[in-house]
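The first chain written gets the first letter, and so on, giving A, B, C and D; residue counts start at 1 in each chain.
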Amino acid sequence: MGVLSILIFLPLVATLLILTLPSSAKATYKYIALGFTFLQFGLSLYLYGNFDATLGGIQQLDAYQFVEQLSWIRMDLGAIGKLEIDYLIGVDGISLPLIVLSTLVMLMGVGASWNIDKNPKGYFALLMILNTAVMGIFSALDFFLFYVFYEVMLLPLYFLIGIWGGERREYAAIKFFIYTLLGSVLMLLVIVGLYFSVINPVTGAHTFNMLHMMNPANYVDGSFFAYITNYHEVFGIPARLIGFIVLFFAFAIKVPIVPLHTWLPDAHVEAPTPVSIILAGILLKVGGYGIIRVCYSIFPDIAAYTNWWLALIGVISILYGALNALAQKDLKRMIAYSSVSHMGFVLLGIASLTAEGLSGAMFQMVSHGFLSAALFFLVGVLYDRVHDRYIYNFRGLASLMPKYTAYVAIAFFASLGLPGFSAFIGEAFVIIGAFNAESMSTGVPRWMAIGGSIGILLSAAYFLWTLQRMFFGQTRLKGGQAWQEALTDLNIREQVILFPALALALLLGIMPSLVFGNLNASVLQLIELIKP
Amino acid sequence: MITLTHFLVVSACIFSIGLYAVLAKRNTIMILVGIELMINAAILNFVAFGKYDKINYGGQVFALFAIVLAAAAVAVGLAIILNVYRHFKTINPENIHELKD
Amino acid sequence: MNISIPNILDQIIASIPLFKPELTLIIGFIVCIFTALFMEKRWKNSTFTACMVTLVFSLYYLVDQLSTTGTGFSGMWLVDMLSTYARLVIISSTLIIAIFLQQRHSKNNGDVYSILLAATLGMHVLSSTSHWLMAFIGIEMVSIASYILVGYFSQNKIQSEAAMKYVLFGSVCAAVMLYGLSLVYGLTGNLDFQSAEHLQGLMDAPEAVITLALLFVFAGIGFKLSFVPFHVWSPDVYQGAPTAITAFLSTIPKIGAIILFARLYQSWSSTAFYFSELSTWFIMVVAIVTMLVGNLAALRQQDVKRMMAYSSIGHTGLLLMAVFAYQDAFSYLLFYIVAYVIMNLATFIFIDQLEQQTESTSLLSYAGMGKKMPMLFTAFTLVAVSLIGIPPTVGFVAKLMVFTSTFSVFQSSGNTGILLLLVVGALTSVISLFFYFKIPLYAFLRDSGKESYERKRSSVVLLIIAYLLTATIILFGIFPNWMMLMLS
Amino acid sequence: MNTFLHISPITASILVMLFPLLAFIIQAVLGKKSISGNIALIGIIASAVISLFGVFLPGWNSTSVLQKWEWFTIGEHTLYVGILVNNLTALMQLVVCIIALPVHIYSRAYMKGDSGIHRYWMYLSLFCFAMLGLTVSLNLLQLYIFWELVGFASYLLIGFWFTKETAVQANKKAFLINRIGDIGFLIGIALVYAHCGTLDLSTLFDQTSSTPLIDKNTPWATFAGLAFFLGAMAKSAQFPLHVWLPDAMEGPTSVSSLIHAATMVAAGVFLLCTVFPLFNETVLLVIVLIGTLTALSAALFALGQYDIKKILAFSTISQLGFMMVGVGIGAWDAAMFHLTTHAFFKCLLFLCAGAVIHEMAHLKAKAQLEFDPQDLRHIGGLRRFMPKTFGCMVIASLSLAGFPFTSGYLSKDSIVITAYEWASHLGGVYVLIPVLLIIVSILTAFYIGRLIFKVFFGSFKYRSYIKTGMTFHEAPNAMLIPMLFLAAGSLFPLFGLSLTNYHHTWIMQALDVDTVYPTLTQAHLFIPALLTGGAILGWLLGWNWYVKNKYPLSENNSFVHFANKQGYLNEFNDRIFVKGSIKLSRILYAFDRHVVDGLTNLFSWFVRQLSVVVYWFDKHVIDGLVNLFAHATYYIGHLVRHVQNGQLQAYLGFALTIVVLGILYLIIK
């Protein structure tokens, strides 16, 4: 039982503990959850500390770290050979930052759900299951395992949104679920296809091992997804292209990209604050991670072939999301759309196929992780006080709750890409990478980069507009006197949750090497893989 | 001289008649009768073909079994129809549609 | 072939060992009839006990039959791994059904068990023969037994109507099948569909007649498997029949039929002649349509049993997919069957429990029940998840294996239709999410206006069984090879 | 002298940066408790001293030194943070310190008693840190970071009185328009990085290396150059991105003086000087044109203003235009020189204006009057009440107008003359540029004269109140001393003892860039004359028009004719120039307000509407499609159920019909 497995299955223990405890001890649930997530955070920091940044990972197993490999499922299916599934987990530069991020955001999430009083038992149990699934996704190296975690993640979310959500929670929950499942069942077909196209060079059996799938040598000639001598076509489209598109579709739903994003505003708005924190902080990253780890690593040839379109989609998402955010009157919705815009940068960076762009995208994912978490938390603070998020109902909050305003201002400026904060590094390097793409001749034209940079301008527009509209000017509230009393300034707990996130944003903005350092080898390796 | 074709034609006719009864009759008993007819058509075939099956009398044996099973099925059917009549006071399948979407 | 009497006798005596489990069943059947007649007065549950004993015994015989393979009764009786495992599944699920019946219908239920045993016997016949005569007998036995089971407890209109529809529809299909069989017999002169001359006869036969014959034959099997267009009876019957019987109908008869169908298809699709082509296309088209119809129609259902009927239609589509991809390796076919049986039994037990609580099988009556009985609904939700085919449940593994095998067929043949089959299979599972998740939706997300029901007649035994089944669903979902070890 | 403290210029300049940062952090931690501003003051004093003795004196005219530390590695490239100390940066840093110091002192008195004073000092220190960091950055990305930070600080300071609607509108506008520029800057950086793989100024523009990294005559270089210039345009409020600066006057006057007059707005010019080697002819020409246009338009706008700060704001814009021209014609040394001198006198102008406004505001408050304390029409004849302020202001204005003996004279000459040389070298229409510049400087003289006369001469509207015991007195020493200091700085001696020849000023000698075109000696004669003459003329007109707005001369004067002539001249001038130009200015200003600024607003409005449309699209089309799909599926499900009508025979019919159809199809096909 390696440290990574412990990291993954620790929350499961918490779940069991919570479920076994009688409801009379409901007060302790949150402390259990908090304790376990803290433990996890510690473990992830341990991983971070003992991580060897020189190893690349990506498609060679020996370059992964904290690897654990157990043969899990061996089934003889007669004519179609042996089913070979391993419990194979490991960490490389791509997954490490996301793991650390997830543990942190989970911590924030638990902190944010401090005063959940509706059936805390179920709530924290589900939260912990979700936690396990997320950790699993980021460290699984076997496609079957990956898929299992990927799907397991959905169930708790459905209930977390559906039970603890807002008025239209049923709609939001099922919409989210259907969307993601649609992507993942199609993904399952591609997984099966890959399974038949790839053989484990050692045993000669078909395998679900992702790393084997990344190596062209392991493909069976004439198989459906074979690298060379592949005549398979479906409706005139080459098989590998189909496979890539389907996988991309599956993950793009999670990212989400326009026009597959419509589950996101509903899910975010209806979800309770902690869940939207986790949604924005972690689950969107699963999409980006999937694109890098699965689509690009397993179909590098197609990746190089389609990146023009991916970049286009990225730019569209950036601008489209930003414009939508600009039009919002509900603060939470506004932030949800801003996530769409910011995740567009991730896609653009990935599609640029340059070291700068990819690193920028990864960095953007990390920074957006806790920044959006902080933003949603801030919205939650307001909502807790007066149960209203309508921007026009607030005016001049600055003089009413100065601390809160300060935090909001910092969070806003951090996420609109003010230098010195992490988002800037991410976005700047995505742009730089996109510009670089032409020099590297990866086929992403410069006007896309410019389009992306316009997105930065727009993000400034909607954040500043909100800031000016809600917080500055003379204090005028819809709720009148009642709200005046209700709107108390941040308390200690809230500050304790907020401060680390924003501090981290600043820290990473000043010392990006904290992330880039561990990223570089893997990114270069990936570039190598894609550029034969 | 009666050839195989005659048998087949006759059985086909019987089958069709049975089918008609099953689909068209407004009385469950008649439906049962229709079923019986269909089965008998098949039995007729079996016997007819059995004439050409030299090795073991598969056709005839099958025919026997079929008769027995048909009888059993019909018996059960009648019992159930009786039961239906107790509840519905009718055996016209048109009026028996409690269960539907 | 030598047909002198002593030879035949020798053969029969020689085949007895292969027939032990069925013999037990037959004996048990008779014993049950007598106990039901005479002992019930003095000793309640005597019949039940007798039935259980019988089942256990035949289970035992089956287990030590595991290694043996062979044919008996001049090739009419065929014992191989597939049939043995199938019968194992049948027997064990019959055990559960028997307990179910005993828990639910404790009074004047004597004859049910004998009929149940008869049905089981029929199923055994179906699953271990390649001879049309046996097949027909098996089908009829199962059908007649099921008619009786459905009609047995009929106290109200609905149940009697269900019985009537079932018997009439079934008999018509049987008749049609019989006619088809007669034609097949005429064409081939041999009733063993694995034998050479049978295939030879089909090869030489004119296409039109083949078409007629095959489709007629498939009608009979289609009725048992309830695939489109022979599915129409199942929603009504499932809804009308008592829940315990529905549980029986939705699981056991399908096992035998699917095994038969698998054998049939395997032997026929081996050649490249019109009839094999026909059956290939038939299965593909029917599978697609069945999955679509089943899942789409289920979307609108408000009655859980009816919904489950449609869901089982949808699963029939997937079973057909498994049959389609069935070559020598039967493991995933059995795997899917087992998974399907476990899931359905669990589901119907839960439905029954709730029916006892709320006197209704309508989804609306589940509103807000999640708070009152969290354990049950959590388990129920897990089963639903498994029915959709989401990991980490056995349903997912089963589905994955079916897809896998189908894909292997696709890769070898490159037939785009198969890809369509796969895509439909995938998409329908998304659709199915919608209606399966109505259960947790109502239970957890909605609030009940009504006051809580008084707990009455909720059988602990059944609940325990259901929970165990749920546990196995998860367990086999995570470690499917354990089940495979049992299967091979 | 460079043995001072025995620290290298590098360390020194780091310290210079760090002190304000330290002050900022301390005050941020202290929060409301730090209202005195002592911390900020100490910080800036320390910076000033170190920057003068530790960086400037040792660094000046010695070879440029740099030191860099690895920041992070991305891909194959490693980025460094570093400090670059050469004449340019050292000078800029010193200027910032020297200007910031008096402003701090001034603010102590000026901002006394404001409720949010603690934030004021915090922001001010933050700004100083960012600005000082900007000056000595080695790495373009690092530069960009500080570049945006100063913008952020200015955002905070403009919106300092955040309950004032206009103020928050203004700071939003300022930040957004600066964002446009920043994106230009970022694109420039991206391009440079994409082609050179490094962002270190030292390696990029390494004069010594035989093969320069950048071939500036490539299309991308042009593109990059324009991108950088876009950045500079927004920061330095060049037309048409100047619209934010007048609004920015909503901030406290002391802030305007430091940020929006002396230092931050000059950062654009500084940036262009830094990346100067990148520019090719095309870019430079664009810079010249935009610069001239800005200078001219802003000067014209300034003519018709009544708000003191607005006038000064426009004059700042116009002077920045001068500097841009300086850069554009390749004489960025001249531009830097003007930047330096301008920093002094423009800051001084603002401080004086601040003092005046301060007093007016006091009066307004005490006498419960309702008027805008910044409006010229309410102010007048103050020279009696605040002579010292008057003195300072006069010096500053003279310097701005470019009278001899002032620093403005030298620096302005330097630009205009070089422009003339440049033009005459190129010939043709290019001559228009220096001509326009001369006209602009005359206009400058006129409007600043107008300001002076209107404020300090004529009669004071509210005398009566002062008669009735209301005190209206000189600014307090805390405000006066900085002003006096700056006034001293606005005179020529600070820059060199030569009265006339700017070539002898130490700045020009140090930064001397050799221009391709020859120096024309005669230009050094007539252009200054022209400028001075024009300036004097402008002031005379102003004097005649605003101070004695009637004919000054009596009948029986020996100079009657001449006087009359002069009178005619006056009238003539009056009709043609003054009235005309003022009208023109009004019209143009209206144009600026309603068209240029209007365009900005229109654009923002347009984006708003677009966003609404897009959202509608998102909600109804895309999401609509999704839901439509769901409902369609649902409806199909409904259709499928039609078979289940409960009729047994219908079921049978259905099933068997399908079988028959199947048979028929199979047989027929």
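The definition used in the following text is that contacts are C-beta pairs under 8 Å (C-beta built on N, C-alpha and C of every residue); 3 or more make two chains touch, one makes a residue touch a chain.
Values in this document were obtained by computation on a predicted structure and should not be read as measured data.
Peer 1: For the pairs A-C and B-D, output the one whose chains share more C-beta pairs in contact.
Peer 2: Most contacts of the two pairs: A-C.
Peer 1: Give me the ID of the chain with the smallest distance between its Cα centroid and the all-protein Cα centroid.
Peer 2: Central chain: A.
Peer 1: Indicate the whole-number Å distance between the mean C-alpha point of chain A and the mean C-alpha point of chain C.
Peer 2: Going by mean C-alpha positions, chain A sits 43 Å from chain C.
Peer 1: What is the distance, in whole Å, between the centres of chain A and chain B, each centre taken as the mean of its C-alpha atoms?
Peer 2: 65
Peer 1: Which integer distance in Å separates the CA centroid of chain B from that of chain D?
Peer 2: One centre to the other, that is 100 Å.
Peer 1: Averaged over CA atoms, how far is the centre of chain A from the centre of chain D? Could you give it in whole Å?
Peer 2: Distance between chain centres: 41 Å.
Peer 1: Can you tell me which residues of chain B touch two or more of the remaining chains?
Peer 2: 22, 31, 93, 96-101
Peer 1: Going by the contact rule already set, what residues in chain D reach two or more other chains?
Peer 2: Residue numbers touching two or more other chains: 641, 644, 646, 648, 652, 656.
Peer 1: What are the residues of chain C that contact at least two other chains?
Peer 2: In chain C, the residues touching two or more other chains are 164-165, 168, 172, 176, 235-236, 297, 300.
Peer 1: Check the chains against each other and report every pair that touches.
Peer 2: According to the stated criterion, the contacting chain pairs are A-C, A-D, B-C, B-D, C-D.
Peer 1: Quick check: in the complex, which residue numbers of chain C touch chain A?
Peer 2: Listed in rising order, the residues of chain C that touch chain A are 327-332, 371, 374, 385, 390-392, 396, 400-401, 403-405, 407-408, 410-411, 414, 416, 419, 422-423, 426-427, 429-430, 433-434, 437, 440-441, 444-445, 479-481, 484, 488.
Peer 1: For the complex, which residues does chain D have touching chain B?
Peer 2: Against chain B, the touching part of chain D is residues 641, 644-649, 652-653, 656.
Peer 1: Residues of chain B touching chain D in their complex?
Peer 2: Within the complex, chain B touches chain D at residues 19, 22-24, 31, 93-94, 96-101.
Peer 1: Which chain D residues qualify as touching chain C in the complex?
Peer 2: Residue positions touching the partner: 633-634, 636-638, 640-641, 643-644, 646, 648, 651-652, 654-656, 658-659, 662-663, 666-667.
Peer 1: Chain D touches which residues of chain C in the complex?
Peer 2: Residues in contact with chain D: 164-165, 168-169, 172-173, 176, 207-208, 211-212, 215-216, 219, 228-230, 232-233, 235-236, 278, 293, 296-300, 431.
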